[in-house]
């Protein structure tokens, strides 16, 4: 353990075993990838707001940032990991291929008008981060049923719905699954990575910015003034 | 106690005794006054950000709002209550009048270039909320040494520095002092009142707004790209 | 509005209208009732823990307390308000009485082995707080369909299952419904009331207790030491 | 950057440059060392309390844990880094040796009855973790003025006061200083490491424990019941 890295410790805490070099490398890539997406992300903006009004506790600012993380912000990985688990359980239960299971879940999503977590991107037609992660997973021998399922899901969704490239959440969900993490780990890994980013955002807010600098324009659209 | 109000309970919890009708009325006015200053205040903006990314827990959103409250946001009342306590202790110790103690503290602020909490307002030359609170305090027989000190502080500061009308934080600090609250109560009462406002802001965000709607424009001004 | 109380403000913020005197009185009783159930409640214990390790920000301590509030702690009122709304919608849709709707929901709970929120108490066979609230609701003319439904639910559950007296969560859910609050307000009112209690708990922790005083005995029951 | 680790990213975010292999290794050791000290630590206990009452949001539980971190819990490293900075500035300003500066600060602590952060341990006479970190720092060539100062401080304090072995906070403070981090980084690194531990504690609470299981015995020592 003298050469263990912090990432090894994260694996040990969650899985109760040491990481292989390949697992460590992929988890490092994932944690780096989620650490900071700019000060405008809800987590960073909330942390800076708290640092702006309450400069007595860096913990308060970081906690405010963490609190913005949920199903809608940083939660897509966990949701996608649940879908992967469901798809693979379906394949095992019904004795069908993973590809057939993915098609079944795409058909259900079409029928029930559900969004498929892990697919789709506002601008990319192929998300370059997905390719980078999956190439690394192949090289390191980590890619397993999770990666297979997500590739089948992407193909089935593109055929049945519209071009829906697998995004970074889908890619990290597949890899976390293949390392052996349960679905909630998607959110936990996002939180661990993002907290590193939040500490740097909060450090900068304390160092560079004056308190109470952040102002939000809000337009009132409620009831008119009462006549009396 | 069958007719007790929530405000009575707040006094009982903090002072260990029942409120007089006048104390209750002034505390009601203070709590109403701080409950909500619009969605753009840091506390409300942070609560709405958390509601926007994490729609699984209203507690998380309200806590994010609370975390923005510190010396810089909602803390002026407590800071002013400490100044009042210091001024009155000075008068008692040195056997001087409250007016003389206020002048001494203004002189020190000028000498050390310190801001005086509770004085000054961006737009008002006379803060109408201060007058309303102090009129009520006189009518109800609550006004005591705290009100006297703050009036003397305002006068001394206006004479020595520039027009610095007592603001709402100075007024509520004087009244909380005269009811018998210790300085930290300024922040506690702000939090109690503001949490009522935050619950309504969060309720509206859940009801009316879609998740992840809030975007912040951030301008990058860091290091240029590395040539590689 | 010069005579408005903080409780009036809470109604105004959430319902957009002034409270009647009876509504105000009932809401005061509810907020007082949830403010503080002793330092051992999860919300108070968490707030004191934060005050114990982080004495730089009272907001941090109060936020830690708020974060323990969820479906399992302080959430029974909201869950019960949803059941009331469902029962009354069922009665309206199927043209059946509220009593019949309550029986239907009890039968479903028995069939699906679900707990009925708002019923049952560890020690009381009749919860004295329920009686006090409902008496006040009758006197003030507030008791409406919510109270009728909860009484019918209690009777149907006692007949079909076992003695399950309506508890304080069931009582406040009925009354909040009859005042016109939507289900999430059950949790919001709990938070508003409890924050008042938390401020007093945190004030006491700062005043009386030394930092880091709280220790928890934890018994390790994990894997044995590795031999090598 | 393809081989970068999460720890490299933390250095990049805070220092704006890549870590050397030695720096990375020391920081890994520090982050591992603070990640988890058992479920009884205030941060873990608060996180589990929130997971116990509010099972709708893992973020809420982790944030509750973060909020317990302050000067008293997890803050000794930052406080010690400030002392190191002060000691080295003193040496530079007065043209005295680091050893002389350490003696001056110990004398001041004795005179003013201040505790010296980074020194002292309840049970150890030599903290084995300090030795392990400092050995690694020597091997990797990281040990600099911070390590020199802390060793001088330990020696001066042991001579002037009583056996006060340098503890883990003193050791990590020295090393973080020598890597180039400013004092607040002591708290930030503690938070980053501890959040990894909190995610595992919260995962276990969700998986293994029933809600609302945690009870705290509290002994009432307040006013007696009122006679009337």
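So that you can tell them apart, the chains are marked A, B, C and D in the order they are listed, and the count of residues begins at 1 in each.
Simple rule for what comes next: contacts are C-beta pairs under 8 Å (C-beta built on N, C-alpha and C of every residue); 3 or more make two chains touch, one makes a residue touch a chain.
The structure displayed is predicted, hence computed values, not measured ones.
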Task = With chain centres defined as mean CA positions, report which chain is farthest from chain A.
result = B
Ask   = More contacting C-beta pairs: A-C or C-D?
value = C-D
Note = Taking each chain's mean CA coordinate, chain C and chain D are separated, in whole Å, by 39
Request  = Report, in whole Å, the distance between the mean C-alpha point of chain B and the mean C-alpha point of chain C.
outcome  = 29
Query = Per the centroid of Cα atoms for each chain, what is the distance between chain A and chain C, given in Å?
reply = 34
Remark   = Where chain B touches two or more other chains simultaneously, the residues are 54, 56-57, 59-60, 63-64, 67-70
Request  = Using the touch rule from the top, collect the residues of chain C that touch chain D in their complex.
outcome  = 38-40, 42-43, 45-46, 49-50, 52-57, 60-61, 63-64, 67-74, 211-212, 214-218, 220
Request  = Spell out the part of chain A that touches chain C in their complex, as residue ranges.
outcome  = 16, 54, 56-57, 59-60, 63, 67, 223
Ask   = Touching chain D in the complex: which residues of chain A?
value = 3-10, 13-14, 24-25, 27-28, 31-32, 35-36, 57-60, 62-64, 66-70, 184-185, 187-188, 191-193, 195-197, 199-200, 202-203, 206
